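Next come two complexes built around subunit A: one with subunit B, the other with subunit C.
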Partner chain A sequence: MSLLDYLMIAIRVAFSAFIPLCFVAVCVWMERRGAGFFQDRSGPNRANICGFRAAGIVQNLSDGLKLAFKEDMISDHIKHKFFFVLAPIIVFFTAVVSFAVVPYADTLVLGGKSYLMQGIPVDLGILWFLALAGFGVYGIILAGWSSSNKYGILGGLRSAAQVISYEIPMGLAIVSLLVVYGTVNLNEIAQFQGKLLFGFIPLWGAILQPLGMIIFIVAAFAECNRTPFDLAEGESEIVAGFHVEYSAMKFAVFFMGEYVAMFASSAIIITLFFGGYQVPFLSTDALISYAKPVAFLLMLSLPVIMYFFAGWIRRSNISHYPRENDPRVVEANVYIKCFWGLILLLELILLIILFCKSGGSATTIFVALLQVCTFLLKVTMMIFVYIWVRWTIPRFRYDQLQKLGWQVLLPLALLNIFITSAVVVALS
Partner chain B sequence: MGAKVKIIERKGSSLIERLYLIEIAKGMATTFGHLFRNLKDNRNLYVRHYPEVQPEIPARWRGRHRLTTHEDGTAKCVACFMCQTNCPAKCIMIEAGERVDGKAEKMPVKFHIDLLECIYCGYCVEACPLDAIRMDTGIFSVTDNNRESFLLGLEELLATPGACSEEEYKKGGA
Partner chain C sequence: MFAEGLFSAFSVLAVLGALGLILFRHPMQGAMSLVVTMISLAGLYTLLSAKLIFVLQLIVYAGAIMSLILFIIMFLNIQPEDLPEETGRFYYFIGGIVILIPIASFLIKIMKSLPGTEATIVGNGFGGVKEVGLVLFQDWLLPFEIVSILLLVSLVGSVVLAGSKRRLSK
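Right, the complex of A and B next:
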């Protein structure tokens, strides 16, 4: 193994492990500010470091610090302290590891060797995700049971029943997908979606399997314990459900685990139904051959986008009451300068791409980076959908939840399999 | 008979509504409209930037108490104990003394209001025969980090000015 091999292993594992963690901050920020804006209020916007509020991200930092320095206590009535501590670890660990098989760029060919761009280069693909997503609920059940608390055990039981009900439609939705794609390998699935239908529609899973997409997304919401399926922690009924006895960092691990799970399931939805890392209309081969025009177009469009973004920052980041020498205007100017600096750096990188030999390793790395950005952008949009749904739809009642799972989604998923198989057999 | 009966049509039974997804899409369009409007221009948010922008306090608002004075600055209070007797929270403690300025026979030597006990019911203001105690200071946020500072004394009560003019206060129905 050469130095490059070790470097690539380190980069890929680091990406798979740290990007979900970084996205926890982004998710929490989006959730809180988004909730504010959905409800016509402003959300957290006061916490600052030397007057810099970073649109409210500093609030996350202060909350994290608070949770880290809080007393980490375990009540005396909890007998099984080992399982009590183990539960949040299971939830968090399974959430992080389930992202490890999602490819975030096409296979990178460097120096004649190809590297699978995913944390753990295995072919298990979607099966790995299904296994770990199902395993995550053990943490929740364990938390509910070891809490020795009525609310806790009710939350754990609800979560268990919910996951059993929704794993089945989810699995069946995946079966019909596998009939279409003919593989469980997520990288091959993403490559499949790089093609074009009739020459102008991206051949995404969403177009091939619209019903499967709806079933999968609904089931994925239920798997993540997100609204409208957040019965496991229904505040109005069972206080906080399974994590009612947890405090400080153990609660924070549950909290982060929930958001990492949301990130991982967004990534899976993107990979299965929305083309994964594929740039729309441009497959990997096309990107490599058209790398220079794409780079040139990006060089032209980035300053234009930044110009409008800067205007938006300047309009938004002001005090809405009379104030002398408004410090928020100064703040906004600093942000705009930082963003322009970032754009300048990107322009330099793109300029280097323009002067490099086309088809060389610089081009392939550029294409991989472009695909990573596309992937993260798509995942962010999917996370936004999660947040959007959360602040729109009220929680289901327990019997409604089970009815939806068994009487609606399950027959629909079976029907979808029959239709898909019939079409695939008829076409082949 | 006589009362108008309005029959409200129950919703949620038609096929389109039972499909959920279309109705959910409509709801999501509504919430997204709010998000988009607020992102475009955050002056549209229905919030008051509170510590910097204070709410408008009407003249009838029952805020923190004060004791009114004559033109020469002496207290109108004659220590009749009406307010103390009426107080349901028993937060007023008066100690009467002899009055030397000739305006009346008695005056308060000590007048304590325990704001931690006070329920801001305004019975003291109602009971006062001389309009000597009022709650028109407009102070609605009473905060501190020790208990002692919540016990208001005579000087403090006399020193606090009213937040509104005499006409406005009278118009408020007092």
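Right, the complex of A and C next:
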């Protein structure tokens, strides 16, 4: 094992451990701004550091501080304190680890050695995700049960029954996908989707398996306990459901676990149905051979995008009433200068790529970084879909939820398997 | 060396989980001990290079079956006063140990007579999804189908049982 091997292990593990955690902050911010946008209000716009509000991200910081310094209490009526403390840890841990098998770039070849770009280099792929999704239920059951609280137990029951019953359509949707892809390995699934259908449509799972995609996304929403399936914490009926007895950091761990689960399932949806890390129309080989034109195009387009972005910042970041020496305009100018600095740095990096030997390790690293950025962009869009649905669709009633799972999604998933298998057998 | 350490760790955890299952008084604690045993068994399967069996053990046993058991325990909401009185618990424990001693010594004797081998990861995709599937659907097709019919029979049986109960209550 050379130094490069150790470095690559550290980078990959760090990426798949810390990116979900960083995305917790992004998700919470997007959720609040999204809620504000959909409900036609501003969202968090007061918390600041020396007048800098960073579009509301500072609010997350203050929330984090609040939760960290709150009194962490366990009330006396809770008899099984060990399980009470274990529950949030299970929820958070399973959510983080389920991301570990998702590839965020194609296999990186450096110095004749190839590195699988995922946290745990196993080829179990989607099976690993299913196993850990099953483990997440333990956290919810233990939390609800050990709370010794009517609301807690009701929330735990609802949530566990929901997750267990939606795992079935999810698994069946995955079966029909496996028939199409012929593998459980997520990296091979993503490589499969790099091809083109009829030479101009990306061969994504969404095009090959539209019904499977709908079933899987609905089931993934239910697995994450997100609206319209968030009956586990229906405020109007059972206060906060399974985490009603949790306070301070233990609540925060539940909260973060929910967002990490959202990130992980978005990543899985992207990898299964939307081409994973693949840049649309450009497979990895094509990207490596056209690295220089792509870098040149990026060099040209980045300042243009930044110009319009700066204009948007300037237009949005002003006070809503006339003020002398508007501090928000000053703030906006600082942000725009920071972003231009970032763009300048990116341009320099792209310039280095342009002058490097084509096909060398610099190009492959550039392609991998490009794929990582594509992957994160796609995941962010999927997270936006989650938020969009949450603030648009009202909550189901519990019997409607179970009916949807067992009487609609399950037969549809079975039908999808039959159709898919028939088509695949007919075509081969 | 590392594999041996893992083997001992998983074995100890599996035995501890099994002990916890029979010694804990509350059903929830017993069920959680069984989960520990299931996960350690999955770990032991990986040491035998059986990747697919490892993940199936996690999905089916540790994931699906145990979470249903936990769900039922939570659903019944058992209080300490609902549990039966166990007066002769200590005597049963001693009696069990006395009966187990000859069996255990016999097992240890067998273990010692086994030749020592190195636990290594077998290559060529042994134990992977594709390889196990090929073996299952080519060499062992008939036993596989018979087992699946058995499962189907038990499924139909449980549906019939649940259905007849509802008819009686009407």
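Going forward, the second predicted complex is superposed on the first by the 428 of 428 C-alpha atoms of A that agree within 3 Å, B and C clash if a C-alpha of one lies under 4 Å from a C-alpha of the other, contacts with A are read in each partner's own complex, and residues count from 1 in each chain.
One rule holds for everything that comes next: a contact is a pair of C-beta atoms (placed from the backbone, for glycine too) under 8 Å apart; a residue touches a chain by one contact, two chains touch by 3 or more.
This is a predicted model, so every value here is computed, not measured.
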Subunit A residues touched by each partner, larger count belonging to subunit B or subunit C: C
Which of subunit B and subunit C A:Arg315 touches, first, second, both or neither: first
Subunit B versus subunit C as contact partner of A:Ala131, first or second or both or neither: second
First, second, both or neither for A:Trp391, with subunit B first and subunit C second: first
Touching partner for A:Asp40 - first (subunit B), second (subunit C), both, neither: first
Partner chain(s) touched by A:Leu298 [first = subunit B, second = subunit C, both, neither]: neither
First (subunit B), second (subunit C), both or neither touched by A:Asp123: second
In the complex, subunit C residues that touch subunit A: 26, 28-29, 32, 35, 51-52, 55-56, 58-59, 62-64, 66-68, 70-71, 73-75, 77, 128-129
Touch list for subunit A against partner subunit C, complex: 80, 83, 122-124, 127-128, 130-131, 133-135, 137-138, 141-142, 144-145, 153, 156-157, 160-161, 164, 167, 184
Of all residues in subunit B, those that touch subunit A in their complex: 21, 24, 27-28, 30-32, 34-35, 38-39, 41-47, 49, 52-53
Subunit B contact footprint on subunit A (complex, rising order): 34, 36-42, 214, 315-316, 319-321, 323, 388-389, 391-393
